[in-house]
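In order of appearance the chains are A, B, C and D, and numbering begins at 1 in each one.
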Amino acid sequence: MKKTAVSFTLNNEQVDVLVEPRELLIHTLREKLSLTGSHIGCETSHCGACTVDMDGISVKSCTILAVQANGSELMTVEGLASDDGLHAVQEGFMQEHGLQCGFCTPGMLMRSYRFLQENPNPTEEEIRVGLSGNLCRCTGYQNIVKSVQYAAEKLQAKEEG
Amino acid sequence: MKVDLDKVFEIDGSEKNTWTFLQDIPGVASCMPGAEITEQVDANNYKGKVRAKVGPATMSFEGDIEIQEINEENKSLHFIGKGQDTKGTSAAEMDLTASVRKGESGATELVGVATVTVTGKVANFGGRMMTQVADQILNQFGKNFANNVVAMGEGESAEEAAKVVAEQPKELNGLAFAWSIFVGYLKSLFGK
Amino acid sequence: MSTSAESIEREEKLQGVGCSRKRKEDPRFIQGKGNYVDDIKMPGMLCAEIVRSPYAHARIISIDKTEALALPGVHAVLTADDLKPLDLHWMPTLAGDVQAVLADEKVVFQMQEVAVVIANDRYIAADAVQLVKVEYEPLPALVDPHKSMDSDAPVIREDLIGKMDGAHSKRLHDNHIFTWDVGDKESTDQAFEDAEVTVKENMFYHRVHPCPLETCGCLASFDKIEGKLTAYVTSQAPHVVRTVVSMLSGIPESKVRIISPDIGGGFGNKVPIYPGYVTAMVASIVLGRPVKWVESRIENLTTTGFARDWHMEGELAADNEGRIKALRVNVLADHGAFDACADPSKFPAGMFHICTGSYDIPNAYARVDGVYTNKAPGGVAYRCSFRVTEAVYVVERMVDVLAQKLGMDKAEIRLKNFVKPEQFPYPTALGANLDSGDYHTALNKVLDAVDYKELRKEQEEKRANGELMGIGIVTFTEIVGAGPSKSCDILGVGMFDSAEIRVHPTGSALARMGTITQGQAHQTTYAQIIATELGIPSEEIQIEEGDTDTAPYGLGTYGSRTTPVGAAATAVAARKIKAKAAKIAAHLLEVSDDDLEWDVDRFKVKGVPGQEKTMKDIAWAAYNNLPEGMEPGLEAVDYYDPPEYTYPFGAYLCVVDIDKYTGVTKVRRFYALDDCGTRINPMVIEGQIHGGLTEGYAVAMGQELSFDPEGNIEGNSLMDYFLPTAVETPHWETDYTVTPSPHHPLGAKGVAESPHVGSIPTFTAAVVDAFAHLDVTHMNMPHSAYRVWQKCHELGLDKAK
Amino acid sequence: MIPEQFEYFAPSTIDEVLKLMVENDEAKILAGGHSLLPMMKLRFAEATHLIDINGVEALKGISDKGDHILIGAMTTESELIVSELLQQKCPLIPEAAKLIADPQVRNRGTIGGDIAHGDPGNDHPSIMMALDAIFVLQSPDGERTVPANSFFLGTYWTELGENEILKEIQVPVAKPNSGYAYTKLKRKTGDFATAATAVILTLDGDTCSSISIVMTNVGPTALKAEEAENLLAGKVIDESLIEEAAEKAMSICDPAEDLRGDVEYKTHMAGEMTRRAIRIALQRAKGEI
């Protein structure tokens, strides 16, 4: 099948890539662009391990075609930290033991990153609902909730400071 | 996944014509949209396929039909059909006895008793919709079958029916989950 | 030993045992720099995809590869016939059986491996799979294990016909695998005959799957010139994989390198060796190119490593005061089509003999019969030691059933029957030797914490109002740390584990272990142990695992064996180094060994302030200034063969509220007290407990792999298979007591599986307790809303308005 | 879990979409993709041509038309949830949208896709029927409108013609003194309903002047419980009437047995969801909650 040229911004860099129309975005990211942070956990859009940020919303990249990302702005876990260091959600997950095997973590982080922009000062309940598209088998979520709370406070403080 | 089916269709035609049509295996098969007999191997063995395109789903089954018994006295036909989808992930088997009788109201009835066994992906993922989709297909098949029988008769209604038969859609559209269609087809032969 | 403020400060800096050290693994993972099997790419790499059977039981008439091979980008299609000349079409299982790598003439479970396609990439491979035309002749499927031994049952394993000497016992039927029993049957039967009260209950521990978020996979690369096979495998036991691969392939073990890179959760799923691994390796050997196989989630749930599927009949005999006199258990174990259980070789029913629990039960007998059915093979230990979850489930359920029959409180009956602190070490009637425990303290602490009396009062009031509230109590004892090699082996290799520590000249260290982390934070916690033992800061200790070319031989990580075995090896290896260090210190300080005392990170001359040598000084000296005759260097290896198992325990309490109109069960409160002996890293322990409780919740409340009568698996994707999200998961309260193990070098017992093992019966107990006043004694899992509603409906509770 | 090959189109206007549909017999429309792509990955669905309508601006947006609100078919669930217009004038839609799937899926999943798929497990069909919404369909032959209550013909079977797309949805704004509810029982986040009920009712004093009751996933399509509606309309609703209405609603249920439950359970749950939805709607109409 003929390949299509697709261009998008990925972690602030312009990327051009040739893909088959049927190629799933997660495969393009992981296999063509070697950004293996985002993972494949279920392939039926239940687990959220493949969550990336696309044009300012969280999406599951296993259920989006790479061609659909044409012209979009993408961000993966690899783009979360900046020159200033780790993002607050990354720090939060480290400080509050929000990860164990690490497999769900990139998806969790990307969802948390976006969620805290949608809701900067969430309750525990809201965090749980906000992260309900991401499955974790190791932590039981309790420390993930704490991690997001940590990040929320940190981001709030930054805002105020 | 096993479904037992037990169904009666009322046919607006003679018992004789209904029985004659029932023995026309390719004809009966064609009542199922997307189905056809591709080869008659011998007197009792046929090869056939069903391709159903419904909503977003498509599935093709290929298989064999073996006539076990044709009982002129009871006007009954017993056959076993076995098929596998062309992608090798699902399979279905149907054991069917269909017969023609005069019903209590005096009308001709097509009676079907069958067991349909489904294995593989279709059974793994189809459960949620299987019965519902299958049920919808019954009407279409029933109509087609009845039309075919009516067309065998004489007069205006027969001509009309023949026209409808000629236009019978080759594929069923507007429904989804092709496997269900196949089951529906089987079920429709005797279904509820 | 000095306890000056100065030395306490030094100790804190070490970040040793007992501190909640932040994880060393995290920085990589939070930056997306994890390195899991599917993340690894090699030049020229090909992809493998498996052709699977739609039937649960069928004869293979023919396989036609023509069309698949004609597809551009397809390199090979391998079937059993292709593997036959290499004798690789069958492989040994860990349980003494054999399993078809690719179906040999027959398929015996749905989605069994029939052929493997090797192609340029996974897209082409997926297209090619459906072009492989397989003709089958369906056979009747045997799904109900109760019918496995019927005289007219279809024979599943034709390769075993007539071979009635099984791996573990005589086989009684072609579909019979083994009979295993333990205990004194005669005395137990007698105790039942003499008993004032007896109770009996049948329970089905349903088929579930560990379902780690990362599925199983293997990237194999065979270098034809070097003759060396390197494979990255999602394995909880890489050394065992190496040994099996060498045995299977004939490649010298020195030329097989197995690497378990980062593993996205294991929970027992990644202990066995799967056909997918073997086919990737074989394909690489045949084609001379790297070959990657990674299963899909559906393949994972359907074909690799299920757990449980035990039909258990439990019985207790007691006197009228509730003192237990005997326990009898009969089990029918559904192993699927191959016996691929992950148990130590001599234990076909794992550690099920722990089923007398925390109780002083004088007579006990247990029997397990394993049978074949047309289902996927497995029987792995899903976050538990082998069959411990089943054992704890049956005894905890039965104690509740007995309490209900006697009208006793469920906490009181436990306090009455506990093994008492002074009875330890306590030999159980089934041969376990409980090392240490204080069950009364644990349970009483929990009852106080939740105000148990008040809860029971509330329950009374609710019942009067027609509301359903349940309180579940479980006081479990586990057996972990397999195990002493006198009894425990896997394929003949004793179940020791190992640690190798090297202290560098400048005083930092590198340590390698035979275990492998899958999220348990080994890089963090092993370093803490060495830090405390050797006085080297944790931050300066590098931990490596998972590469068989570098790590010492070990049996891997599962069944909570890392702490009881691997951590013990680490401590002992460190102590060997410390003993040498003492000699070097004595030499440097020109005193005798006996004049020295250890203080956090240094040896001091007793009573002479200032006369001391730090571990850093000693490390340097180990490479240039040694006592005469001593070999240079500062390293040690230890292969630790545990003298005994360890026996962690805990007391759990759960409160549920049930909506009788929908069956929805809400966990209002869950209080988990664990005693895992010495606590190495409390933060990590708590994380493990949260995770285990959540998995237990999933198992008890929703997970199930069921089959229809034709052997079609149901619910094998995450649409149906229950993995709770943050929304469904309850809030957990944790607590602990510390009763060190007397025989473990650190007193530690292991913890990761306790919350899984302990919580599952707690949920059942709570749900059943909600109906206890209506004479309900047991309800089978999963306690989905559907199932619970059926009970409500049966009792007419959903009608009362 | 890889889809078969297809040709991909990303038109930006409705005309282009329709033209592509006419030109390509086997073409399929890709909206949010969370029903279609998984089916394609499972290889149940195959498309030789895939027409991605995510770039068609004319299909997006929520606008106030006075007595009704116009919702573009490609409006996502997330957009429905955060729409202040809907929250104020048609709160049933955001309430129901919150109960669909999970945040990421709601970011992609669209109201039009949910409706046009014809899956009785989807939630919007019930909502639309309860609201008496009107669907605007467009084909090369022009535009036509179909009331939600006659759009759903069977499982995966709707009034949509072969070369026709759902363009937009007209939903009436909530009347004064009205109440609404969508009660949904599901096994877990992301699951289809075991059973769910949408209710809208209007009060005239204490009397229920009008009510619609529609149930999800307990029949080949969403089911409108007309007998139950007729029973309650014109009456002062009390518990015994609610009970009777629930019985009537249950009597028309024809659910498919699956892992969520058998026919009996699902039917009872439809009854229970109906009871609860009526109670909540009533309380809301009275301003009690």
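Keep in mind that, in the parts below, contacts are C-beta pairs under 8 Å (C-beta built on N, C-alpha and C of every residue); 3 or more make two chains touch, one makes a residue touch a chain.
Remember, predicted model here, so these are calculated numbers, not experimental data.
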item	value
Maximum inter-chain contact count - chain pair	A-C
Chain centre separation in whole Å, for subunit C relative to subunit B (CA means)	51
Distance between the centres, which are taken as Cα means, of subunit D and subunit A, whole angstrom	29
Inter-centroid spacing, subunit D versus subunit B (mean Cα positions, whole Å)	33
Separation of subunit A from subunit B, taking each centre as the mean of its C-alpha atoms, in whole Å	50
Numbers and ranges of subunit B residues touching at least 2 other chains	87, 89, 121, 125, 127
Of all residues in subunit D, the ones touching two or more other chains	1-2, 4-5, 43, 102, 189-190, 259
Junction residues of subunit A, two or more chains touched	20, 22, 43-44, 46, 129, 131-133
Category of the chain touch graph - line, ring, star, complete, other	other
Chains that touch, pairwise	A-C, A-D, B-C, B-D, C-D
Parts of subunit B lying in touch with subunit D, wherever the complex brings them together	53-59, 87, 89, 121, 125, 127-133, 135-136, 173-179
Sites on subunit D touched by subunit C in the complex	1-2, 4-5, 43, 102, 185, 187-191, 194, 239, 243, 259-262, 264-265, 268-269, 272
Residue ranges of subunit C touching subunit D (in the complex, touch as defined)	122-123, 126-127, 130, 296-298, 661-662, 664, 702, 706, 714-715, 719-720, 722, 724-725, 727-728, 784-786, 789-790, 793, 798, 801
Partner subunit A, residues of subunit C touching it in the complex	22-23, 25-36, 38-39, 41, 121-123, 211-215, 262-265, 267, 296-298, 518-521, 683-684, 686-688, 690-695, 717-719, 723, 725-727, 729, 731-732
Parts of subunit D lying in touch with subunit B, wherever the complex brings them together	26, 28, 35-36, 39-40, 42-47, 117-121, 153-158, 162, 192, 219-220, 254, 256-259
